[in-house]
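Below are the structure tokens for one structure; questions will follow.
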Amino acid sequence: MLRQELSRSVDHDPDFEWRGTDVTRIENLSDIVFAIAFGMLIMSGDAPRTFEGLNRFLLSLVPVTFAFIMMMQIWNAHFLFFRRYALADRGVVFLNAALLLLVLVIAYPLRFIFDSLYGFILYQFGYEDYVTDLRVNYRRASIIMGYFTAGYALAGLLIAALYAHALRKAEMLGLTDRERQLTRVTIWIVGMGAAWALLSCILALTTPLGAFAGFFMNATAITSPLIRRRMKPKSRAA
Amino acid sequence: MLRQELSRSVDHDPDFEWRGTDVTRIENLSDIVFAIAFGMLIMSGDAPRTFEGLNRFLLSLVPVTFAFIMMMQIWNAHFLFFRRYALADRGVVFLNAALLLLVLVIAYPLRFIFDSLYGFILYQFGYEDYVTDLRVNYRRASIIMGYFTAGYALAGLLIAALYAHALRKAEMLGLTDRERQLTRVTIWIVGMGAAWALLSCILALTTPLGAFAGFFMNATAITSPLIRRRMKPKSRAA
Amino acid sequence: MLRQELSRSVDHDPDFEWRGTDVTRIENLSDIVFAIAFGMLIMSGDAPRTFEGLNRFLLSLVPVTFAFIMMMQIWNAHFLFFRRYALADRGVVFLNAALLLLVLVIAYPLRFIFDSLYGFILYQFGYEDYVTDLRVNYRRASIIMGYFTAGYALAGLLIAALYAHALRKAEMLGLTDRERQLTRVTIWIVGMGAAWALLSCILALTTPLGAFAGFFMNATAITSPLIRRRMKPKSRAA
Amino acid sequence: MLRQELSRSVDHDPDFEWRGTDVTRIENLSDIVFAIAFGMLIMSGDAPRTFEGLNRFLLSLVPVTFAFIMMMQIWNAHFLFFRRYALADRGVVFLNAALLLLVLVIAYPLRFIFDSLYGFILYQFGYEDYVTDLRVNYRRASIIMGYFTAGYALAGLLIAALYAHALRKAEMLGLTDRERQLTRVTIWIVGMGAAWALLSCILALTTPLGAFAGFFMNATAITSPLIRRRMKPKSRAA
């Protein structure tokens, strides 16, 4: 038992007591919805029936992989939230339902967006089929980037709202100072990511920057470490 | 532990002891069926492959959201039932199976119904495509409303039957007086909703009111608070 | 706790101690496969997009319901098995995998079979569309009945094999005499059902009885109560 | 309890203490993804609507069964890993996510590959429809075999990496010497299978052996028992 305890504390989340242990029904429902969304990423289109179809399917795995990674990051944030705080009140049920709807709803567009991007890159190398097929031009690319960044921002806001909800219940959950601080760090990092996505969205739709406005989302690579350093919780020893 | 207990009692369902803790297989199966039904709401139709298709997909999210909310309400009633009473006898398995079948079966019609309504509203604003596509007129709108209210009534009856089943087992489950009264309140509210839906259904199909008979479903906005006030359980202190 | 114990012993399965409590991964995987098969029953065909499509979809719910009931019976036998014996050895994993494959594989044919039957009945009442569409005649009806009874027999054999496996491990599981006898009853009833289905299958494919040979499956209505009476376990008091 | 303990130790995995007991969320998500992949194996193509369609569907069950068996083997390795080590750290989440993506992604190709093989065999017996339909010739068969062996090798590498990860954490998990040795055996067997698959892949794509290079995958039938004998852990008594 002790050993299990030890392994748990070292492995999973060293600075956080895991309040959730068993899989609750909210998590169960969420997992299934996530898995269905994963399936939608891959299944969009029919099963390949010819050799050419098989090759095209395998070629499409590049954008699928990127879409899968993005979706998996949302799952990871969701996973951590329920393990850490084990909340299941009305507010969480509501925010979670909204997140699930978003997850289901963004699967097809996410696939479409990465397909377009991939088609664009293939086009640079002389493969023109993808782009013609999706009928995307510069203006449309901007709108697609707008959708993408809007969806990203929305997902970020919902996740930040979930963590903020947990922070409001900190007293009741008995979070330590360190845990409260870590929760705040997560809210800031996720929220800042949403803010940059929102900026990218506005710039993509309203300025001639177009799809290239998506570049601003990379600003998190600068802001996230900054937030982490500034808000560093006191060491456990203290 | 105590802290967890505390959080549980405050958060989830203050007036009710949660007899169900782990996810049972009946709940597990049900969650998956619900999630598949959610998927059917969104997936109906193919994955978008063109920019126009993507826009049409995003436009359809308005009716999808409403259908999702209705479905989520059924899930919530289901979730509460199993957490509160943790029953798994033959009667519950049977009623639950009927509810699961209903959930799977109403996904496509629910989507269709909200699509029609949405098309009707878009039509008022000059977008005629939706309505033409679904080929709906006044008489047909009445029938669709009839289907919708019938499905709603059936779902309500099944949920009320589940709660009534729990009430019959109150002795065995050791429900307190307060909990019995709360169970009765749920039965009355859900049952009354089903009754109004049934009235709407009959009026929609047999009178010139047609689809507008659906208006009577809003009567629950009056009856539900009335039931709640009249059947208010004695305070916990008493 | 005591109360919970009481409710459990009275409710679920009065004569059997439930050895399985939490949902294991084998059960979890199985539930999802069952739910997907349920979805396949309903989803076969596209989402309705026109009023006529909606009506046809609602009409098809009659055969879907029958297919759903058959599938749910398999789930129930599966559910009881894992709750009662909580076995998860190699033999169970293997038999269970075979059952899961069968469940996935029979979903479409099951739907097809009930669709044919339904079309046949509608045909008697003057609706000819269904039958023409499925292109079924007397000879083909026999073959379809052959498939159906073969699938039914196979499902029965797999379930009987699972229970027989549990009986072989009776010592290790610590089954009481009463529980062993109940296990034997289940094996006999399910096995006899499989035997009648096999007979129906052979008669349907080789004799002029054709699809009407399916009638012999009803013989379980006579043999099952007989088995139950003959093999009645001694009363608990004894 | 003792009895349950006994049954557990005898049944499941005699030489290994099961550190994982409840289904964790990572396992839950994985199960759903596996089940969806199973569904993709069977569903590829539409539901049969005619008698001919039903027959063709039933004929396709032969390749589906083989694909199902391969997929089930991956599930089994996954199942054992989480039961045995109950790890859920970053490394496991990452490797598991990669495996899940692979599982979803290989479903269609797996089906295609077994369909081709089956078509090839049917072709030998005079049924030419399958092969013509899939448009496969000798060169293409080599490439398909290349895809298959590459996917197999990748799955093997990911599973071996998971077990190697567990071995690195052996101290923390408190694995006995015997358990460490058994873990090493698994890594060697799975890794050697991946190596033979890789060799087959290279030979299939670069030499005139073509699809027949797949034959080298059977070398595991020789190497696996060898590894098992050489690395035999000391008996429990010792």
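Odds and ends about this structure:
Per-chain numbering from 1; labels A, B, C and D assigned in written order.
The working rule: a residue touches a chain if its C-beta (ideal position, glycine included) is under 8 Å from a C-beta of that chain, and two chains touch if they have at least 3 such contacts.
All figures in this text were calculated on a predicted structure; none of them were measured in a lab.
Two copies of one sequence, chain B and chain C, touch each other mainly through non-matching residues, since under half of the numbers at the interface are common to both.
Bringing chain C onto chain D by least-squares fit of CA atoms involves turning it by 90°, to the nearest 5. Averaged C-alpha coordinates put the centre of chain A at 29 Å from the centre of chain D. Between chain B and chain D the centroid-to-centroid distance comes to 41 Å (mean Cα coordinates, whole Å). Multi-chain contact residues of chain B (touching two or more other chains): 22-23, 28, 32, 36, 43.
Across the complex, chain D is touched by residues 3-4, 6-7, 10-12, 21-23, 27-28, 31-32, 34-36, 38-39, 41-43, 46-52, 54, 57-58, 61, 64-65, 68, 72, 75-76, 79, 82-83 of chain A.
Interface of chain B with chain C (complex): residues 19, 22-26, 28-29, 32-33, 36, 40, 43-45, 86-89, 93, 97, 100-101, 104-105, 107-109, 111-112, 133-136, 140, 143-144, 147, 169, 172-174.
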